[in-house]
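We call the chains A, B, C, D, E and F, going by the order they appear; numbering starts again at 1 in every chain.
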Amino acid sequence: MARPVTLFTGQWADLPLEELAEKAGAWGFDGLELACWGDHFEVDRALSEPDYIEEKRELLDRRGLVCFAVGAHLVGQAVCDPIDERHRAILPPDVWGDGEPEGVRRRAAERMKDTARAAAALGVTQVNGFTGSAIWHLLYSFPPNDFDEIERGFEDFAERWDPIVDVFDTEGVRFGLEVHPTEIAYDFVTTRRTLDAIDNRPGFGINLDPSHFAHQSLDAAAFALEFADRIYHVHVKDSRKRLDGRRSILGSHLDFGQEARGWDFVSPGHGDVDFESFVRALNRIGYRGPLSIEWEDSGMDREWGARDAVAYVRAIDFEPSAVAFDAAMQRSE
Amino acid sequence: MARPVTLFTGQWADLPLEELAEKAGAWGFDGLELACWGDHFEVDRALSEPDYIEEKRELLDRRGLVCFAVGAHLVGQAVCDPIDERHRAILPPDVWGDGEPEGVRRRAAERMKDTARAAAALGVTQVNGFTGSAIWHLLYSFPPNDFDEIERGFEDFAERWDPIVDVFDTEGVRFGLEVHPTEIAYDFVTTRRTLDAIDNRPGFGINLDPSHFAHQSLDAAAFALEFADRIYHVHVKDSRKRLDGRRSILGSHLDFGQEARGWDFVSPGHGDVDFESFVRALNRIGYRGPLSIEWEDSGMDREWGARDAVAYVRAIDFEPSAVAFDAAMQRSE
Amino acid sequence: MARPVTLFTGQWADLPLEELAEKAGAWGFDGLELACWGDHFEVDRALSEPDYIEEKRELLDRRGLVCFAVGAHLVGQAVCDPIDERHRAILPPDVWGDGEPEGVRRRAAERMKDTARAAAALGVTQVNGFTGSAIWHLLYSFPPNDFDEIERGFEDFAERWDPIVDVFDTEGVRFGLEVHPTEIAYDFVTTRRTLDAIDNRPGFGINLDPSHFAHQSLDAAAFALEFADRIYHVHVKDSRKRLDGRRSILGSHLDFGQEARGWDFVSPGHGDVDFESFVRALNRIGYRGPLSIEWEDSGMDREWGARDAVAYVRAIDFEPSAVAFDAAMQRSE
Amino acid sequence: MARPVTLFTGQWADLPLEELAEKAGAWGFDGLELACWGDHFEVDRALSEPDYIEEKRELLDRRGLVCFAVGAHLVGQAVCDPIDERHRAILPPDVWGDGEPEGVRRRAAERMKDTARAAAALGVTQVNGFTGSAIWHLLYSFPPNDFDEIERGFEDFAERWDPIVDVFDTEGVRFGLEVHPTEIAYDFVTTRRTLDAIDNRPGFGINLDPSHFAHQSLDAAAFALEFADRIYHVHVKDSRKRLDGRRSILGSHLDFGQEARGWDFVSPGHGDVDFESFVRALNRIGYRGPLSIEWEDSGMDREWGARDAVAYVRAIDFEPSAVAFDAAMQRSE
Amino acid sequence: MARPVTLFTGQWADLPLEELAEKAGAWGFDGLELACWGDHFEVDRALSEPDYIEEKRELLDRRGLVCFAVGAHLVGQAVCDPIDERHRAILPPDVWGDGEPEGVRRRAAERMKDTARAAAALGVTQVNGFTGSAIWHLLYSFPPNDFDEIERGFEDFAERWDPIVDVFDTEGVRFGLEVHPTEIAYDFVTTRRTLDAIDNRPGFGINLDPSHFAHQSLDAAAFALEFADRIYHVHVKDSRKRLDGRRSILGSHLDFGQEARGWDFVSPGHGDVDFESFVRALNRIGYRGPLSIEWEDSGMDREWGARDAVAYVRAIDFEPSAVAFDAAMQRSE
Amino acid sequence: MARPVTLFTGQWADLPLEELAEKAGAWGFDGLELACWGDHFEVDRALSEPDYIEEKRELLDRRGLVCFAVGAHLVGQAVCDPIDERHRAILPPDVWGDGEPEGVRRRAAERMKDTARAAAALGVTQVNGFTGSAIWHLLYSFPPNDFDEIERGFEDFAERWDPIVDVFDTEGVRFGLEVHPTEIAYDFVTTRRTLDAIDNRPGFGINLDPSHFAHQSLDAAAFALEFADRIYHVHVKDSRKRLDGRRSILGSHLDFGQEARGWDFVSPGHGDVDFESFVRALNRIGYRGPLSIEWEDSGMDREWGARDAVAYVRAIDFEPSAVAFDAAMQRSE
């Protein structure tokens, strides 16, 4: 049987979960990856209100939807980041607090621990998210970087996330970092350094989203093979380069969806991701979890797109072979 | 006659100018673009010591070298940047001072004005350099940028540089921003915004270096045509992508010269820059100034490279035609 | 809602409209773009026979088909062309008359005015077609062209079409030139010159058919953005290059469908047109009119192809987004 | 009407024909190309057991399946090959006998004659298969080949196959060599030499399988046009290169399905074969026979794949045009 | 020994031959291909003035230059062309006469016969040139071509050139058509038809200029192999595509050298021609004649370019091998 | 200082060494890699004739040539190969003997030991060569390979070469396998298996020749980095793919130099090898040994080619940097 197809709810948090679940059920999804914002999965309420989790579960059941994973990207981002006004817009008020950076980072770390606890209460063993990064802003080495400071950035990550992963371990939940620019890991090199920094502990793995690889000219299938034992969850999302010598691959400080950008996110199958190779790599490493559509395409109606995406994913997802080929040509004796 | 070929001295500032000039003369350069660091062109001394400028001039004359431009990249960088420890390493101590960011930025701005004055005293009408940027670190819009803040970054640039350019105008010197990641302008889109922000005033133009375009997938020849009337100076430098699906175009927070990087700077002609198109574009826009080699290649001996580069530039540089072709086929009557 | 999908009837004029309409309805088309040849839409009869238009309208209604546009390519071609025997084969006998070139051109111009009148009578506000060109045959400049003569070709176009467009304006109908080799405009440069020649008057716009761009190595999506306010109608058609070093992109004076040609027209989706980019460009410029399939593929059964094409167009056509993305991630306060 | 879609049973010989036929019928195939191994089509029994053929025929009829061709690859391989232990595994015991090479080759040749007789008895006029080759192992000329020996290899082929084809002619059956590495013909050059060696006699033609061309960088559509009058049967199979600078196109002595190989077989539509061009070429040469899916993909579940393949083939197969295009634009007089 | 390198004088006819010869000798050319315009080689004077030829010969001798071929492109163009004002500008007044088309064509044909006679008198056995074409203007088949008319164009060519070639045969001179758009032959298909039309008579061959192939996406090396026995002379010239989705390969009715063109002629080695393959093909077919540089590059100073070109040609021209390789590894016995 | 440039004499063994050395000296080579055939370096005579080695040494000294390595490809080939008539042509008669395969293999192994002894006597510490392979002929797995047999092929190699390498170790000489099709190692995968099979013992390394990688679509620079500590010697040779859809990458059983082959060897710089990357990789791994030109190009005069090659290699070979770049920008305090 093929893999379940789920919808990550993060980009739909303007809709009440009730409404979104009804739509997703009708579009043929097998489940939802609940975002920890909007009213989709509120960690504080999940831990404090007795019926909260049961109500969410029933809401999903009514639509025949399963929850395999929870998405905690926004709070996770604040754990390592230098904090600025942009974080205020994406954090719960009590995590933001007075906005003093180190305080924000610490409260975000605590909230991540709570997220593991809430996920466990919901019966979910996978939490996806971001880590933030103390060194992302040093991306281009001018003025020349002090590369010891880069090294300290990875150490800072490990110091902040190790205690969080302790709680994940206790709860029987695994964290999946969505490897992504602006995070501590965004490519092969930085993923290796990140996993090494945290001693390759099993509680910290990867939510693999190929859309973040294509515009960097990275091969997401090769990445799956390279980090096979840490691929804990998979997002299906796409991106598309539009390089014509006048559009920079760096994005030109333009918002997503602007015509003059060199690349943009698009609905799965409408971009550069080689999903044929990607599915084959997932098969080779034995990944059997959900394919979770993170739908984002600023040039397409999102409901048209969600339906298009679920059909696309079902068309490209196939199971590996259980038979050796030439066997059928050889006589048994 | 072809264009003069000069050497930008910034990457050779570990050598005394006397020694470098001797080498450059022997290698066949027509001149030097003096960097404002090391002992190559010290702005404060040029303005305060009566014989400083005359001694430099004689030093160059002895080697048959001309100075067409001065390079003030390091101080310029501090004018708009958020200041951190990395700037301490590249600034003169009196510009760095106590390191308080706004103070550093103001002292850097004053030093840029002095640079125009010193250049004028040297008889040079072109100063190249960087501007820094208050918003470079917001390159990837996550957490989602407030795009008003991006706009304010361009305004901040204009506020800080307008008074500097006033002094340039007074001195009859033009500034050439080296369009470059980490600066306020690094591609077509941001260059347009930058020039607009400063009202396209003629005192502020471009030092065009194609090596910063190639790894962004930008066409430096098209850029020359697009911003033809602001191309005041040209660097010859090259860069080379090494994308194999495992190396990110973003650089992986690795230092230049590291094997796992997705691109790197290389000696001219050893990389991706299409110099054929570039020279044709320079001819089309009527650029007759120097081709200034900014030599940087962490995988090549620099003296071998400097000789290789000057030979390369002379081989690819040609003059435009003065004749209409088919004319020769048509009889005059 | 997606755009209506229509069938341009020009390549089916060997079938009576009655028969074609029945087929097109069954294949799932939303409407027909009636060609002004065969019995599909006869301009002279439409203006002279009292019931003609009503009968056509009823014929379409019976099949649930709408007419958004009329195609007047053949007569339009004769307005500017040097006239030769080939025109006799494509013109109504009374337009051809005695075949004296200037007479033919003038009668063709008059017939175009009548076409606007007939379209208006049918309730249709869009007429598509060709213009012909006095200078197309000077495509390759040998013997060397007198470029004043080229300029005069654009002026000749404007002189002949300005009075035609006057009638279009009066009737409330717009003309859409199908940008196409052999016409006064066939690429970016000549379209700009053409629109300028006719003072960019709104009555004269473009019927954009991407198949004529692909073999010229032109980007039809970029064209849509460049001439956004003149894209009045869209044809869906495809072409395919087959360059192997032995087939010329120029066509070798071979008929369409010959194996040795370097390119050929093919059914939509079977060729080089990047319809993903094309649809995104149409969305960006706000085009909401019909996607009119001009079906032409000399290697495919046309009825199989028409069905394949309508399914293809419905699969690739999508609406733009009405939502800003990251909005869902930001809390309202 | 489109071409029939059949399934070559060779890779399914671990299943009894009864079971496979039931599945193939359910998946929507029009027929089966019976392999001469497993219990699918046993040549010796077909000629010796009175009811054998009738029972096979009825078995197929019950599922609505037609047999257009028989596949005799394994025995054919032994006709020209240097014989080694690998042949023992693929030959019927009585053909292998004592394994003495020349004896094996002669018995294989006799069995091929019987295959023609059995096919005729079944009412089938096409037998596909391999020829083997005395010279395949001399592929790379080091130590330097004696090219007279290469020539003798083609003569050896002709000497061994001429008498076989005599029987084919007598029975009214044609042989189709599947052009393939390890066979006497595997590309354009060797196919030309092979057909010449056997005097281009009509009884010896080609079973064209494009999957063997793609990894050699060969154009299977061009091959169809080049050898148009010898294309007797067509396999639909695909292959996919995965060249990243570390995987050799030569296969690295690794089994199919190994990650480190430079290419592999894949389900139709999942690889490099340009089926658009391929179908157009088949149309151009007038091929109207079956499209026989030889399904082989070591990374995909074969039942999922068989269904995917039959849908794919039906989607890409179309008939040529019977109409000349511009005809519809020209008035009849 | 390598091939002689000559300069075609056609684009330098604004200079007196005396002056050009001095330059060409100084630049290192081995000879000149004299154009039949300017004062370079005037056919009428060569046949009527007793000392004319001897003076030319001496002029060349003084500079150590040899004449291997004469270029008669302009008059040749008028033999088959529909005549218009453009021809007046390129024809000698007595060939143009009153400009009545058929009269011009006939006088041009006579002048071509005289050109053979004059060449023979000069001791030169190769005349290169154009043929013109009655059908070039029908390049794109709209309005739909009558393909019988295309066929008649090739017949017209043969009728006009057969008597010319008779004179060439008599004089022991061969004609080399420069295969080129606007001529009767411009690619593989039309060259085959042209040679067939004139019964492949040996007096009519090809002056192969690869610059006319590159922009058509044609492989000039493959052309040399295909028409090996008719390659009588070779031009070295280059062209360069600049396709960016906005520039048409068709040239946009723009003059050579305009920025917005999709391709242009450039100095040898500065464009798309694959000279490595080209030289190998010339070696394979045994061509030992001159490599005649036809220098044309509207973006480069022509004297800089001529020197650059002669150095380039000497660097890429090499002789074929006379030794079989592995021979050296095999012991003689 | 750059690396020494030597000439491998294997392809020149038809010339006496005396004559070749004179030529090579005149062409500017720094040394010769002596082939163990012809009269260049005869192992048996070197060990048995008292003055042989001294005479060779003097012969080289007279021309200013150094010998850094000896090439023993032909005898090495016979150590593991299945022996056939082709080996007779390349082996010394006493190694071939009666041609009984196992006897030939054993005598070849003994001769390789002697080669180490002779090299040591000459003062050379590097012997390059081939190994042969018991399994090369099983390249394409049909009939399906028994992959245990493939494994046994690597074991056979190790059993035969281990005792040879023992002698090399004793003599202080290293063996460099030229990774090459037909050898036990020809790509990344098989090189890894080969080195593992022989326990990665230091006496057995690689003579890296990039020409054997390019046609396999392998990246020779990546190979150098991957097997950095076993790159003992480097050949400079090139190969060139000529794939046009009709030429197979497998070579078509055609001799080198045949037009219809899909690839061929060519003089360095005339083919597909990316020498820029190659030199950078050699610099990165610290290779300081000779660049030994193995000249082979069946389409070029070899003496022209040898001169061209030595100039090419000197132009592309450069030393790594000893300076860290941005250092020059940072002030010392």
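For the reader, a short list of remarks on this structure follows.
Throughout what follows, a contact is a pair of C-beta atoms (placed from the backbone, for glycine too) under 8 Å apart; a residue touches a chain by one contact, two chains touch by 3 or more.
On a predicted model such as this, the values are computed, not experimentally measured, just so you know.
Considering the contact criterion stated above, the chains in touch with subunit A and with subunit F alike are B, C, D, E. Copies subunit E and subunit F of the same chain sequence form an interface built mainly from non-equivalent positions, shared numbers / all numbers used being under half. Subunit B and subunit F have centres, each the mean of its CA atoms, that are 46 Å apart.
Between the CA-based centres of subunit A and subunit B the separation comes to 40 Å, rounded to the whole angstrom.
Subunit D has its Cα centroid 63 Å from the Cα centroid of subunit B. Counting only residues that touch two or more partner chains, subunit A has 74, 89-90, 141, 144, 219, 222, 244-245, 256, 326, 329-330.
For subunit F in complex with subunit E, the residues that touch the partner chain are 10-14, 37-38, 74, 89-93, 242, 244, 256-257, 259, 270, 296-302, 304-305, 308.
Taken together, the subunit D residues at the contact with subunit C in this complex read 219, 222, 225, 276-277, 280, 283-284, 318-331, 333.
Interface residues of subunit F, counted against subunit C in their complex, comprise 244-245. Chain contact summary for the complex, subunit E toward subunit C: residues 74, 77, 81, 85-87, 89-90, 135-147, 149-150, 153, 180-182, 186-190, 216-219, 222, 226, 241, 243, 245-256, 260, 262.
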